[in-house]
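For reference, the structures are reproduced in the following blocks.
First subunit A sits with subunit B, and in the next complex the same chain sits with subunit C.
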Partner chain A sequence: MKNWRNHFGIIIPVLVVLGLAIWPTLSDSVSNRESAFTILKAIALASSLNILLGYTGYVSFGHIVFLGFGGYVGLYFLNEQGWNIWMSMLVAGFSSGLLAFLLGKAILRLRGAYFALATIGINEAMKAFINNFDPFGGPIGMTLNFKVYKLYGGASEALSMAFYIMAGLTLAAIILSYLVRVSKFGLGLLAIRENEDAAEVMGVVAPNAKTWAYVLSAIIPGMVGVLFFFKNGNVEPHSAFPLHASIELLVMVMLGGQGTVLGPILGALAYQGMRGYFVTSDFFKDIQLSVSGVLLLVIVLFIPAGAVGWLRNRFAPLRRFLP
Partner chain B sequence: MTLILQVEGVTKRFGGLQALTNVTFDLPEGQILGLIGPNGAGKTTLFNCINGVYTPEEGVVRFHGEDVTGSKTYDMARRGLARTHQIVQPLEELTVRENVMAGACFGRENHNLHDAGDIADEVMEFVGLAARTDQLAASLNVAQKKRLEMARALAARPYLLLLDEVLAGLNPSEIGGMVEIVKKIRDRGITIIMIEHVMKAVMNVSDRMVVLDYGQQIAEGTPKEIANNPQVIEAYLGDPELAKRLMGEDE
Partner chain C sequence: MQQLSLLLASLPDGVLLGFVYGVAAMGLTLIWGVMDVINLSHGPIISLGMFGTFFIFIRMGVNPYLGLIPVAIFGLLLGVVIYFVAVHRVINAPHLSSLLATFAVNMIIIGLGTAAFTTSPYNVDFSMGGFSLGFTTVLWTRVIAAVIAIAVTGALYLFLFRTRPGKYIRAVTNNRSAAELMGVPSTQILALSFGLGTMLAAISGALIATFFPFNILSGGGYELKSFVIGVLGGLGNPVGALYGGLILGLLEGIIPAFLNTSWVPVIEFGLFVVILLVRPNGILGAKK
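Up next is the complex of A and B:
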């Protein structure tokens, strides 16, 4: 029983993801599957970003660059080289991780606002590069050859499969987030977040730890990118690197509670729910992003710890259960 | 007697400011060295040159005989050097126990989380923080935060411990408690350099002392020699003759 209690922190997140995974089947609805896909994607991305933002304390304003880059790499191998979806996802995850590693070596020495600005610059630079990179289709992007779907038993089967892979990836993302949070490596990251200089004096090799945190936060977004564009059937520079999507991710992590395992999951659920309501409402549909902006402002000003963080602070015994 | 630390001609400048000039001393294992001097004398700068926060412009720092001048702070931590900060640097949003565990995890012995937890429990007991284990570090008062700094440094099981004004801001009974802790640490075989302004305490615990004034090393010796050194008295009190008369009147 003691073991069960020790791992309580991962049980709720896993149940949430499993619930989302079976919801479309239970309700037998393709539109629910689309909604669930979007929510799962948001959870996977927010949980990944949380490793850098929540645990390490580095704000990345351009995290979507890993989704776009991974998606492009994956689709290239899927479409142009005829690789299967699994291999394409692996190579995409690896590429995004490698990109983060190289970027990390260069920009993780920047702190605070300077790092955040650099991440925006990287997103825009990547967009401009892909726009001019002919193997990836330049400004037109790439359209998935329908023959690719045939491998998986036709378009509808392929889309259904993509959904379940998405659920698997989300599960992997939250388990990764949990393992980092409760590991020694994670303790080093938290120390860096709280006080980087003091952490180094204690012996945390901050440059390495930060780089690996950045890499871990980039791999799953890269794989998610492949699935997302595989499902959409095409990829273009402006749909692969939307800056506002990075900011939406920040809102999700901040809303649910940065630095906690459950926070980004709740944040993603709440934000996607809210967004679903706004984009279908006559009044809000055009100002949906400004609402997100106001929301971010309110969180930063009044509950900087986010929902889960607030609960943890309010009820100290919860800390044990909500890592 | 093996030397744990050798500081040879260390000089540090900040632009036009000469923060340290040619500071030289040896530190044998197992001793407590008191580092004193008026405010701005360069004491903390010397610590920063020893543990790798700054690289001195001139001079060499040897740790266990090895040249470590300009090493990174985390390299020094792994070699077995731990320090506390004059201005406490707790990891505020982590619990007291997590703070101390971080010291054990990343210090010289590089423990896993489970062993670090055991060490943290033992060290918190030792410095008197056992009742505060699950509190956030931010919620501690100044005296407790100083103990936390100490606990975190000790959890690393260092060979050499740099204590930067651990007594400052404490009331007399807290000072007594802290001095006892320092002595107990020495008895465990850990070498200590302590920067301190509370003269009575530092004279009492130090085996030897080094005095800095405007970055110059003006004296070195036993506490007794230091107390009677006219240059030291001048640095602290101004005119040595006047100081002598004052002290004479005292007796």
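Up next is the complex of A and C:
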């Protein structure tokens, strides 16, 4: 941070998140808070995925595994061991990071589509395993004991608190994403994305860099998982590891522009907004999925760089403000 | 002893199912081998094959095995359309593009299918009886399905090795630019390969519909199984997929004798990841 003028790029992302965080308070509406929670969650997850997908160029099709795993670990400590939410989130973030570290050591050797397939396999294997794992409640999952909310002054207080923690986590996610983007470590990741062999020749220790990128992209989803299931009050294997949610995250990152800090944020906002509109509109309600599919196809075929990527390519002076 | 009888009871079913899984996986692995594209719209096409059997048999009263022919033709044409609409533009792009493009097709089919058929289960009530084999009864529908699966594999083999378009497909698989230099019309061949892949998916769906109830989302599970089988038999090796299917069928027959059935996916996907890591070319060692 030698020169604050070099860090214009973080201003817009932070403003977006802060705006989302105070919007429900200003409008004093619980339903707005729910929408804002969903959008903030999407931003946090998409920005985390972007560290691996956008900066490093590895396509994780099962990134939601960290949300589910972290959520399970967190809820286990919250519910069965009586820990508080902060400690549970720390443990969950740490466990997700550790899982990513161990997995990364193994599967990051695979490249391209093989890596994508392996991440799908891991998500499914984890879902099937948790389904059989009795301490986590097996196929029924875990339901949060109502007493847990009492610690935070009742259910409605707890939900409001969960919202502000979510906003904090999202802020942390985008700052992390930005710091990686401007650091020397991030430059190494970008080099791996462009050409892994050449990057190694230039002195990037690719296996380590990739593993750490994977770990960094897993910690925040783990913590978000705890918060999400804490708010929902229960967790079960099918809601914890939905493969289609992983792909929604990919769509958000692609929509906004992979490899940029602002891209996943805009992508998450646009995707959630669009989804909300389609689900509630009479005309699109039934074929909502098809319309999203057509949109995704058009983006992939014609604007593969995403919105922010397209702007950066088109208008060079904007690059300073749109990292 | 009890386990042994349980094993003998579930083994024939598992093996016979394995052949049908093999056909689904063959479609996936053919497309992967020819153009390095993982077709994420495989599952919904399997579902469409299931609905094909449903409409041909329940609505029109035609024998489901005869109905395989229109289902196959539909699958082939659908694949060619998908290729030109979604895949052709991203064929040389990074993997993410083709993965997402085929996934977009998946979303479109599932969305339209849900609007048309809802997600409530459908059932093709087709029974041909069975015969008893030691501890268990084997259903004729499964035996016939397995025979058809083997016949389809044989036909695919003959097509790939004995006909000119088949040889073109193998040439494009080996080296697309070299094949183009030799005058192979690569765009048509790629479209044909994609069509063949989706045709195999539709056929396997049509066969599966004769033994299990299904809905528009059912194909997803078989798509995941196809990944596992494809990796077992070697991605890009269509005939290996049949062996892969057999291995998976055997596992599904053997595991329930010793563990709870819910452990089957844990072992399947665990094995899948391990094989990807240790032998990404498959245990039979295909090319690449």
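Before moving on, here are some points about what is shown:
Going forward, the second predicted complex is superposed on the first by the 315 of 323 C-alpha atoms of A that agree within 3 Å, B and C clash if a C-alpha of one lies under 4 Å from a C-alpha of the other, contacts with A are read in each partner's own complex, and residues count from 1 in each chain.
Operating definition for what follows: a residue touches a chain if its C-beta (ideal position, glycine included) is under 8 Å from a C-beta of that chain, and two chains touch if they have at least 3 such contacts.
Since the model is a prediction, treat every value here as computed from it, not as a measurement.
Of the two partner chains placed around the shared chain by superposition, neither subunit B nor subunit C is touched by A:97. Touching more residues of subunit A than its counterpart among subunit B and subunit C is C.
Legend: residue contacts after superposition of the two complexes on their common chain; A:183 is shown touching subunit B, with no touch to subunit C.
In the overlay built on the shared chain, the residue A:68 is in contact with neither subunit B nor subunit C.
Legend: residue contacts after superposition of the two complexes on their common chain; A:202 is shown touching subunit B, with no touch to subunit C.
Once the two complexes are overlaid on the shared chain, A:141 sits clear of subunit B and of subunit C alike. Of the two partner chains placed around the shared chain by superposition, subunit B is the only one that A:194 touches, whereas subunit C remains out of contact.
Taken together, the subunit A residues at the contact with subunit C in this complex read 53, 57, 59, 61, 106-107, 109-110, 112-114, 116-118, 120-122, 124-125, 127-129, 131-132, 139, 247, 250-251, 254, 286-294, 296-297, 300-301, 304.
Across the interface of their complex, subunit A is touched by residues 51, 53, 72-74, 77-78, 82-83, 85, 89-95, 98, 101-103, 105-108, 110, 112-113, 116, 134, 152, 156 of subunit B. Of all the residues in subunit A, the ones that touch subunit B in their complex are 182-184, 187-188, 190-191, 193-195, 197-206, 259, 316, 319. Looking at the complex, you find that subunit C touches subunit A at residues 32, 36, 38, 85-86, 89-90, 93-97, 99-101, 103-108, 110-112, 114-115, 224, 227-228, 231, 260, 262-266, 268-270, 272-273, 276-277, 280.
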